[in-house]
Each structure stands twice: as structure tokens, then as C-alpha cells.
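Mind having a look at this structure? Questions to follow.
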Amino acid sequence: MSDANVQVTAAVVPKTQKTRSLWSDAFHDLRKRPTVVISALVILVMLLIGFFPGLFNFQGQNPKACDLALTRGGMSGSHWFGFDEFGCDYYAQAIYGAGPSIQLAIIVVTATLLIGGLFGVLAGFYGGWVDAIFSRAVDVFNSIPFLLGAMLLLTMFRDWKIPGLGTRFQAIIPAAITLIIFSWTGTMRLIRASVIESRGLDYVQAARSLGASDRRIMFRHILPNAMAPVVSLIPLSIAGMITAEASLSFLGLGVRPPEITWGMMISTGAGYFTTGYPRLLLVPSAFLIITILAFVLLGDAIRDALDPKLR
Amino acid sequence: MGRYVIRRLLQAVLTFGVVMFLLHYLMSLAIQINGNPVRTFFGDKPVSPELLAATKAKFGLDDPCLSRVGDPCLNLFGKRMSDWASFDFGTNFNRADVSELILNAIPKTLQLFLIVTIVWVLFGITAGVLAAMRRGRFLDYLVRIGTTLTIAIPGFLLLILTQKIIGVWLGNWAREEFGRDSVLGIMFQPSYNARYPWLTLLVPGIVLGIFGIAGITRLSRTSMLENLRADFVRTAKAKGLRQRRVTIVHTLRNSLIPVITLIGFTLADALGGSVITEGIYGIPGMGKLAYDAVKKVDTPVIIAVTAILSVSYMLVNLLIDLLYAVLDPRIRYE
Amino acid sequence: MSDVKIKSEILPDADPTATLLRVEDLRVEFHTRDGIAKAVNGASFSVESGETLAIVGESGSGKSVTSQAIMGILESPPARIAGGEVLFHNVDLLKLGKERARRVRGNHVAMVFQDALSALNPVWTVGFQLSELFRQHRGMSKKDAMARSLELLDLVKIPAAAQRLKEYPHQFSGGMRQRVMIAMALALDPDLLIADEPTTALDVTVQAQIMRLLKEIQIERHMGLILITHDLGVVADVADKISVMYAGRIVEQAPVLETFATPAHPYTKALLKSIPRLDTKGQRLEIIKGLPPVLTNLPPGCNFAPRCAYAQEICTRELPVLATVAADRAAACHFSSEVIQDV
């Protein structure tokens, strides 16, 4: 057994080394590019805002302490973006509005990777009827246009509460589950394709001929390589999920109140755009676009760096 | 060819069946979890159990399975399918005939998607192909920046912004400058106007088209770049063909095959996007039905719209896959 | 009849009595991220009508780049023709305008590529890809062009030609596909055919058939043929002259038989040694110790020196030029006279 292991590792080494140097080449290439550096910084700031909004609440305003007398009040030194229609501090709202969407996006992308990854490995590795079942399931979920399906689910179960969850999760989870249901298929297809490709590779064959178990081959030998294309897509997936959540929020179906999100702020702010309060729309829009843009630029750059021939 | 078509058709039938069943199950589940919607017909008024039972029976909501959470209500599935097949989607909670609502809405949505398709083909593919041919030059960067922006700006936000900026500001200027009934004045409207359907659909249609255009443009570009390097393009040059012929007949033709498939997939995003587009611009299509239904929690309408749009989407993709076999002989003779 | 007239109009200045093709000091570079790669560094050779010139050399020595430069189909950028002349009947093809150069391709000079599966367009029928030549260059009707294409398939001995015209490249076997490539190259009756490893992708028995076909047609039409190959057995069978390329230069040039008997360049000698005596077919020439030089950073002196058994101090300093070593024979080596005698 230990003998077999030695040989298998020997056979694996060139491949992992190649993968690693691909990633480190990409990293060296990326580090030098200004768009990448700036996007990474923006993402870092947004993540901090999303998880520790208090750090950025410089004037110590409470987003939920509102005073109707201050409705749509103008900007000032202690209220950088003025007030919204209910007299809440708009800067605080924007800062506290980052968390739910960003956390939701991270939850969804993680779950998608796990679920899509597992199903993709199973389908690609076993082929045959296992593959057939998963592939048809993908067809089914892809046949329902995402936004419609999400609208349907979230409307039908809008009053449904998951017992035992805190407010934040209570607000996020329904939208998150819906997004996961409609997005695991993409990951699964990518993983499946690269598993099928790596199934035939020499080192996998070597491991197999040395009697390694299916599970060991799948998760130790195939999965690490098959993950590469999906991992490089993580920033783009996060961008996609933030977009999707904002669209749902705009329809009133995303993260649930009392949490605040940029999508909700845009939805209400839109009404005041042409009536003298364009900032109510522009502030959350700017936050949203800058965040998504940062993820998209970083994601594009990573993809290009890993596959430079089509840049 | 025959085998490919048959396999694809069988898959389509299977998928169709499962999707329909899922929708049916969802509907049943929603009733089981949220309670029988017949109650809401009566608002807050007290209602006698007899009347309630009679109304439930009238709307086909009296089956006991509807009160057992998780029961797939298989006995109701057949009936629902035959109703749907005869385009009977029942009544919504305002007791309006859903089928009629939908029939009236279909033409607007079709009109909208005609514009969207034209935008994809005209702008999307052309931009990608030109970018590939001017790789690394100004136009290529412009296309790259453009597609990045369309990915980074969520569709609904783009719609709101264009509605405000083009519809209101630019429109007001145009109406003042050229008159209320000038072409620009009508075209730059903040909302749909039934008197000028095509003109007022143009701006929302283009914006909805831009929504999914990035993928199409980028795939056109990569596909074109890949083929430009292909050996057969070198052969075409060695044959002494004109540059234009090499590009169009021996590169573009090959490059479009995957793009057409992507257009089929992109349709899904655009169908979802039509809800927001028609909602924001007040276009009386299927998207608007769904948009309003969401606000009013009008589940039957959402289900009907989802079912119809899903089926159309499946049909379009089936057609595209069959077209694929015509376009790519390697599949045809598999 | 009219074909001849059309062709003579393309190059009115051509001198039919002059050498069919004379390449003089051809230089091609590629502008890459790592610098300028000098793929061809002053290659000179010539072919007469009815003659077969074999170009051999290790992978990366610049054979394909040379042939594509002659055809005028190098992609630039990244390629740049840095100097030299490609004289076709005394007309420099490198100086022709775009349109004229385009019409030379197919009409006067044609090319057969290595891998016919990728060199033929997968989405068009073989008939379409053949008849397109007649339609574009001769302005023929669809029907006439198809009739000519049918004749071509017969010429290259493809059975059931009429049926096969309607089929797609992937429906052909490897050998049949290569015949289609050859038919395509012969369509407009070119004076010079360049075949870049025409049989490498095929299995051994088919290789022999294809080579025989090429040779037959060449003799029948009195074409010049430039044959790029790794197969010294084939060279011995079909070629009249051989040019040995190393790092973008011709290092030896001579009639085939003499070269094989007494190579004048250490590289040629090593090549000949590297193949087993008995069955010489299907061998690739990559068995010489050491690596070819990096093209972006060519050393001064003889490029072969690091791998050469005959190398002396002068070799790393002075670049040997291609010089006559015997009647009809030239080699680029400071010590070629010793090499030639050393059996």
C-alpha cells in the first residue's frame, strides 16, 4: 500500500507542479497590472464594509434611527449623503446595505461550488446513468429562466420562515436558497467536463491501476485539477450573485426587510430621481456598480491570465 | 442526423415533462404551506364553511391532498396538464381569466424580443467579429470596455437610468425642441405608448438587448480569434482567395456556430429581464403580467407566465440545437 | 487554353526560361514577447521545373516558415520578412502588390499541408472547397466548376468521386483526405508545388501511396516540387536535390545521392547516422544530442558548434558561409573538406 502511494505521488508530481506554476505565473502577471490592484483594493474595502460596517460608520450614525422631520434632507458634514424619505442617514444606510448582499453572494457561491462540485465529480467520474440523471437535472433547471423561477419561488414562499434563524439569516436565506437552486448547474457542468477530461490522464490511470479507491481517485487526484477553471471564475460568480440579488431586491423579493440592501435603496430612490433628489438613486447605484465592476475586472483578469492566448 | 435529432427530441420531451411536474408540485406545495388561497377571495369578511367549501370546489381547490404538506398531488397533475394544454390557466385571485390576460400580452412580448434579437445579432456579433479582426487595437479595447460595463451594470439599474436620462431628460428636451409628436420626442419616452408601439418599444428593447449582449460579443470575438488561427484559414489563403472571402466564408461561417447556441441560452436571461423591462416601462406584455403579479402575490399568473416562457425557451433551444446540426456537418453525420 | 492566358496575365514580366524558383538570402523574424525570433536567417536555394528539392531539418529549423514565406501567407504581425528575394521565373514574389500576390497563389505556386483534417474547412463539402478555386480564379459557373472538381478527384484516384464531392472532410479517411488536399493544390495547374510534410499524419502504407501519387503527377505535369519532410527514406526515393536546414540556415545543399554517400556538413552526417540502416521510413530526426539554439538569441559563429563533433575554436567566433565544396555541392562549415572525406 505505502509502495503504491509512493509511485502514485511520483506520477502526480509533474501535473501539480504544472498547475502550480500556471497559477504562480498568473499571479505574477496579475500583480503588475493596475486594474487588478485597484479592483482587489476595492473588493477588500467592500468586504470590510460588508462584514464590519461599524468600522466605516465614521459619524456614528444609526441607519435605523430615523427622523421623519428630516425627510430627504440635504447633505452635510455629519450626514455625507443626506437623508432618505424616512429621514434615515443615507450614508449609514449605504454602508449597512452592503452586508446582506455581499454575505449572500458569498454563501451562494460557496454552496454552488460544493453542490455543483460534488454532482459534477460524480457525473463525470461514473458516467453512464449517473451522468444521465445529473445531466437531465441540469437541463430541467436550465429550462426555467432564472429570474422567473426565482420570482415564482420567492413569491410563493414569501411568508415562509425557517425556524431557529437569526434576523440576518432569516432575511438572507430564502433568496440564497433560490439562487443556489438555479446556479449550481453552471458549476456542475464545468466540473463534469474537466473531470471527464482528467479521468483519462496518465496519473489518474496510474492511481487506478495501483488500486486506489474510487473516492480517493475522485477527491485526491481528479477534483484538485478539475476545480481550477471554476475557482478562477469565483470573482465573476460573486459579481453575478450580487447583481442577481439586487435585481430581486428591486422586485421586492431579495433580502427581506428589516435588512437594507442597495437594491432596495435603488428601488425606492428611483422614484425621486427626476423630482430633485437624484442622489437617492445615484448613491446606492454607485456603490453597487463599483462593487460589481471590481469583481468583474478582477475575474476577467484572472481568466485572461490563466488563458492568455485569447486576450 | 436522424439519431441526433431523435435523441434531442426525446431529451426535450423528458425535460418538458419534468419541468411541468415541478411547476405543478410547486403550486401544490405553496397551497399546502401557505394555506388555501380561496380564503383570500373573501378578504376579511366572515364566511360560512359551506360557502367556503363550495368556492373551493368551484376552483378545483377542494382536494384533500392540498392540505397535506409535501404531497405531490399526482391525482391533480393530469387534470392540470390537460387544462394547460388547452390553454386554460384558470382564474387568478381577482377572478380574471388568466389565459385571456396572457393571450393579450403575448404580442407585445414578441415585439420586444424581435428588437432584442436584432440588437444581439446586429450589435453583439458585429462588435465581437470586428474586435477580433482588429485585435489589440482601439476598437478591440472599446468593445472590451463596453462589454465589461454591460456586465457590471445590473440590467434593472441600466433600465432605470435610461428611463430617467433618455426618457425624461433627453425626451423632454426633444419634445421641447422638435414638438410632442416628433419621432425623437415619441421614441424617448419614459414609458410605453400604445399609439406608437414600435417607436416606444425601441429604447427598452435595445436596453434589454444590451443586458445579455456581453456574452454574445465576447464569444463571437474568441470564436473568431480561434478560427482565424485555424489551419483551414491558412489553406484558404494559400488557395489565393480574396481576403473578404477568407474572412466571411472560411472564418465567420465557422465562428458563428457556437454563438448561435449561446444566443439560445442568453434568451433565458432576457426572458427574466423582460419582467423588469416591461414592469419599468409599463409595456403590457407577459413580463408586465408577472411584474404586477409579484407585487400582488398573484401566484396563478406567475405560474402561467413561467410555464409559458419556460416552454418557449425550451422550444427555441430545441430549434437551435436542430439548426446546429444543419450548420455543423460533424454533428449531422455523427 | 484560357487558363494559360489568365495565368500569363498575372505575371507578365515572368521569364519562362529563367529558373522556376530561386530563393536568395531569405530572412524571416517573429516579433514575440520574448524578443525577436530569427526563424529564417538567409536561406538560399533553387528548384527547376520538373525537379524535386527536399528540405530536411530538425523541428523548428524554419522549414514551414520558409515555405509560407514563399507562398506569401505568413501572418504579419508577428512575422516580418526581414530581407531576401523569392524569384519566380525571375519575378520577386515578395515585391508584388497584394492583389497580384494573391493571384499567384494557386495559379503559379500551390501548397499541400501536413494535416488535411485541420487544413480543410469542416463546414463545407469537399466539392465546395474544390470548385471554389475555379469559381474565384476562373469565374466559372457552379456547374462547370463542379465538373472540373470531379475530374480532379479522379486525377488523385478517389473512388466514387461524384458521390464524394458532396461529402464533408471528416467523412474521408486520412489518406483520401490528403488526396483531396493534393487535388486542391493541383486545381489551377501550378508550376510549383510545395508539400510541407504531406505524409507525416498518415500511416506507413498510405504514406507510400501518397508519395507515389505526388511523384507521378509531378512528372506528368513537369512541375517543380519542394518536399519538406523528416523522412530521409522518402528523400532518397523521390528527391533530386536536398537542402539541409539548421536554425533557419541552409547548411548543406547537394544532389541527394552524393549527400547520402559523403555528407559535407557535420549536421547532415549526424542526421544520416541517427536513422537505423534497414528500415529508414517513418523516422523522425530528433535523436541528435543537445538542443537547437534559441532563435531569439543566436550565438555568433556556427550555430551548430555546441553539438558538433568537429568543432574547433574558430567555429564559435566565425560564422561559416555556404560555400562550394565540390561540383554542385555547397556546405556551410569551416571544416567541410575534412567532413566530406571522413567516412
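Going in written order, the chains are labelled A, B and C, and every chain counts its residues from 1.
Here is the rule we go by: a contact is a pair of C-beta atoms (placed from the backbone, for glycine too) under 8 Å apart; a residue touches a chain by one contact, two chains touch by 3 or more.
Computed from a prediction, not measured in an experiment: that's the story for all the values here.
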{"item": "Far-end chain from chain B, centres as C-alpha averages", "value": "C"}
{"item": "Among all chain pairs, the one with the most C-beta contacts", "value": "A-B"}
{"item": "Where chain A and chain C are represented by their mean Cα positions, the distance between them in whole Å", "value": "54"}
{"item": "Centre-to-centre distance between chain B and chain A (centres being mean Cα positions), rounded to whole Å", "value": "23"}
{"item": "Residues of chain C defined as touching chain B within the complex", "value": "68, 71, 73, 102-107, 110-111, 113, 115, 118-125, 132-133, 136-137, 168, 170-171, 181, 184, 188"}
{"item": "In the complex with chain B, residue positions of chain A that touch it", "value": "136, 139-140, 142-153, 155-160, 239, 243, 246-247, 250-253, 266, 270, 273-274, 281, 285, 288-289, 292-293, 296-297, 300, 310"}
{"item": "Partner chain C, residues of chain B touching it in the complex", "value": "230-232, 234-243, 245, 249-250, 253-254, 257, 327-330, 333"}
{"item": "Sites on chain B touched by chain A in the complex", "value": "11, 14-16, 18-19, 22-23, 26-27, 29-30, 33-34, 148-149, 151-157, 160-161, 164, 168-169, 222, 225-226, 265, 267-269, 271-273, 275-276, 279, 290-291, 293-295, 297, 299, 302-303, 305-306, 309-310, 313-314"}
